[in-house]
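Below are two complexes that have subunit A in common, paired first with subunit B and then with subunit C.
Moving on to the complex of A and B:
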């Protein structure tokens, strides 16, 4: 497990680049801008929803370990980027969304796999959440909001998925996982082959 | 709650959700662009992705036919369909984005409406693997056509999510209509719809539409 975490951290660190601007919403303050950040960046929402569904689909077996792991990874990484801000490229987020979405679609995931994906999601989302336009003394406020927002998305999606027990509801969860994986696969390919296809 | 009641509640809930999905699809098809706000960024990407499969009648015909056929085939096909189809279609989309050429994509898309509509019209019930191969082959072609258009989107992630959601709702529309096969009159209506889709596909194929 530790080796997996170190490998994931190294891969993501290698994928870090300059901070790209996510335009802040004026007038709502630094904290709320941070809070809304995971919801307003589609790649973040995709990966958080996938991990939330995965945790909820196999709750409580998986959620006991994966949910605290996600929260810990998110918190630690947000604390680290407060000191050294940067931004992650999109592909690690999409790769995690793809694998987590596939795991949800297949409805098969062990605790170890789900926890590794939750850890990866926490680290990746946090690494890509450096606030733009916030005064230096308020960066921690924005990052606190982002941490809370991301944790809320995973908790709510996971809690909702855990409550769905009828056969057609379980199928709906698997379909949602499939849709997330399909979306991630399309954009991941686009990232890998940015100029291969002519524009419509 | 006994099993009969549970089954009734589940069917009622499924029907409610399916009706909501169809309503959303109809409303989105009726919606016109909001000129007060520029359709760009995340919202613009999602909307253009969502509308893309809905506004192309060749795609609509084939996707609805897939749902109708799934309903005819019954379980487990009806439930496997919304899970497997988007993934296979995304694989086709990835080929399109990567610039991997596929022969006769547009012809294949028009042919998909003819074949899938024909299957519904005939009430064909082949083995699951054969149905999966037929639907999967067409899914790759539809995905390939969509994939080549993905790079033009304002926000690629939002476009892809909108596109997959729009396609999924089209399936759900077909499945919902296909639930009418529980009644004799409904079977006739669904098979007639399949026939209409096949004829429409033929019109696309021969250049009349």
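Moving on to the complex of A and C:
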């Protein structure tokens, strides 16, 4: 487990790249801009929805461990980037969304795999959440908002998925997982092999 | 070569000083008659040097008088009159050259009916669209959003609501309690806004913090099996503290300022905005609590106690901080 976490951290660190700008919404304040950040960045929303579905699909067996792990990874990494801001490329987020989406579609995930994915998602989302344009003294406020927003998305999606118990509802969750995996794969391919995209 | 270097240094030195001017420019446009306007334009200046900022007026406008410029108190001040066919409503005014500076420009358009529009233009957004005199619908929308914004940015009010959610377990009692809170703060908000009653803002803010400490303590007491008045009649406590919170909202509304007209409408929509924000928060909090129960399959008792202690500690710190702030 430790080796897996170390490997994930190394992959994330290796993937650090230039910051991507996410334009703030005027008039709602730094905290709420941070809160909405995970919802407004498609790659974040995709990975958070995938992890939420995964832990909700196997709740409470998997979610008891995976949700606190996600929250802890998110909080620690946000605290670290408050001290030393950086940014992540898109592919680690998409890769985690792809694997989590596939796990949801297959409806097979052990606690260990789900927890590892939740940890990776927490770290990846936090690493890519350095706020653009926020004054230095308010960065912590934006990051607090982002932490709460990301945790709420996973909690809501997970809680919703956990309530769905009828066979057709379980099938709908798996279909949602496959859509997430397909979307992540598509964007990941275009991201990693930009020349493969057709000319405009 | 050395001379060239000195020359470059001097040139860049002057340019740098001008580029880092932080005082805002000021543009005041006053409607003197239909389609007629007088303009006051102030640009920060140092000696004879002024920032290269210019007013960009729409094409429908033409100068009626030539600008008269004077350097007064470190500002270049110009005055002139213009005529705009069809008026300025809906037209865009820009400050040319603002994007190359670090400064802002304040724009104030004063209409003939006494209402005004004020905007702060920045290097990122160097233009403003002049609006027509605001309608009742504009006032309602503006104050509704201000109400939502106020409750959503008021962490102490939100924590009070969260504490109520943790204290009350029966849905019917929860609805009654939140309704009592709403009625109470609506009453004092109206009284404060119309000037029928007033309370100094600093002690009110301190008491708002104390009200949260009280509810947090009640949660702990209830958990230990002591059912006090707050446990039996939470709606009564919520009503009494709601009166306090209403004075807090009234103070915020006084700071924002009421419009020159449609005052009751502004007050009503501000209050509705507060209610909408409050309901949104309650819905999100209840959904989060229900989701966490599903995912973690915990008994609610321990987390409720931990949250009560966290909320109570934070509010106690606010109380002390606010007491110190007004020097008691």
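In this section, the second predicted complex is superposed on the first by the 199 of 200 C-alpha atoms of A that agree within 3 Å, B and C clash if a C-alpha of one lies under 4 Å from a C-alpha of the other, contacts with A are read in each partner's own complex, and residues count from 1 in each chain.
Keep in mind that, in the parts below, a residue touches a chain if its C-beta (ideal position, glycine included) is under 8 Å from a C-beta of that chain, and two chains touch if they have at least 3 such contacts.
Remember, predicted model here, so these are calculated numbers, not experimental data.
Undergrad: With the two complexes overlaid on their shared chain, look at subunit A and say whether subunit B and subunit C clash or fit.
TA: They fit side by side.
Undergrad: With the two structures laid over each other on chain A, which partner does A:76 touch: subunit B (first), subunit C (second), both, or neither?
TA: neither
Undergrad: Contact-wise, after the overlay, does A:55 reach subunit B, subunit C, both or neither (first, second, both, neither)?
TA: Second partner only.
Undergrad: I want to verify the contact counts: of subunit B and subunit C, which reaches more residues of subunit A?
TA: B
Undergrad: Once the shared chain is lined up, is A:46 touching subunit B (first), subunit C (second), both, or neither of them?
TA: In the superposition, A:46 touches subunit B alone.
Undergrad: Touching A:25 in the superposition: subunit B (first), subunit C (second), both, neither?
TA: neither
Undergrad: Using the touch definition from the top, say if A:63 reaches subunit B (first), subunit C (second), both or neither.
TA: second
Undergrad: So in the superposed three-chain picture, is A:112 touching just subunit B, just subunit C, both, or none of them (first/second/both/neither)?
TA: Touch status of A:112: no partner.
Undergrad: A:168 in the overlay: touching subunit B, subunit C, both, or neither? Say first, second, both or neither.
TA: After superposition on chain A, A:168 lies in contact with subunit B alone.
Undergrad: On the A-aligned overlay, A:155 touches which partner chain: subunit B = first, subunit C = second, or both, or neither?
TA: After superposing on A, A:155 lies in contact with subunit C but is clear of subunit B.
Undergrad: With the two complexes overlaid on chain A, what is the closest approach of subunit B to subunit C, counting only CA atoms, in Å?
TA: Across the overlay, subunit B reaches subunit C at a minimum of 15 Å between C-alpha atoms.
Undergrad: Jot down the residues of subunit A that show up as touching in both complexes, subunit B in one and subunit C in the other.
TA: none
Undergrad: Using the touch rule from the top, collect the residues of subunit A that touch subunit C in their complex.
TA: 27-29, 31-32, 55-56, 59-60, 63-64, 67-68, 152, 155-156, 158-160, 162-163
Undergrad: Can you tell me which positions in subunit A touch subunit B when the two form their complex?
TA: Against subunit B, the touching part of subunit A is residues 40, 42-43, 46, 90, 94, 102, 105, 166-169, 171-172, 174-175, 177-179, 181-190, 192-194, 196-200.
Undergrad: With touch defined as at the start, can you tell me which subunit B residues reach subunit A in the complex?
TA: On the subunit B side, the touching residues are 6, 10, 13-14, 17, 42, 45-46, 79, 82-84, 86-87, 89-91, 93-94, 96-99, 147-152, 155-158, 160-161, 163-165, 168.
Undergrad: Please output the residues of subunit C touching subunit A within their complex, sorted ascending.
TA: So the residues of subunit C touching subunit A come out as 149, 152-153, 284, 287-288, 290-297.
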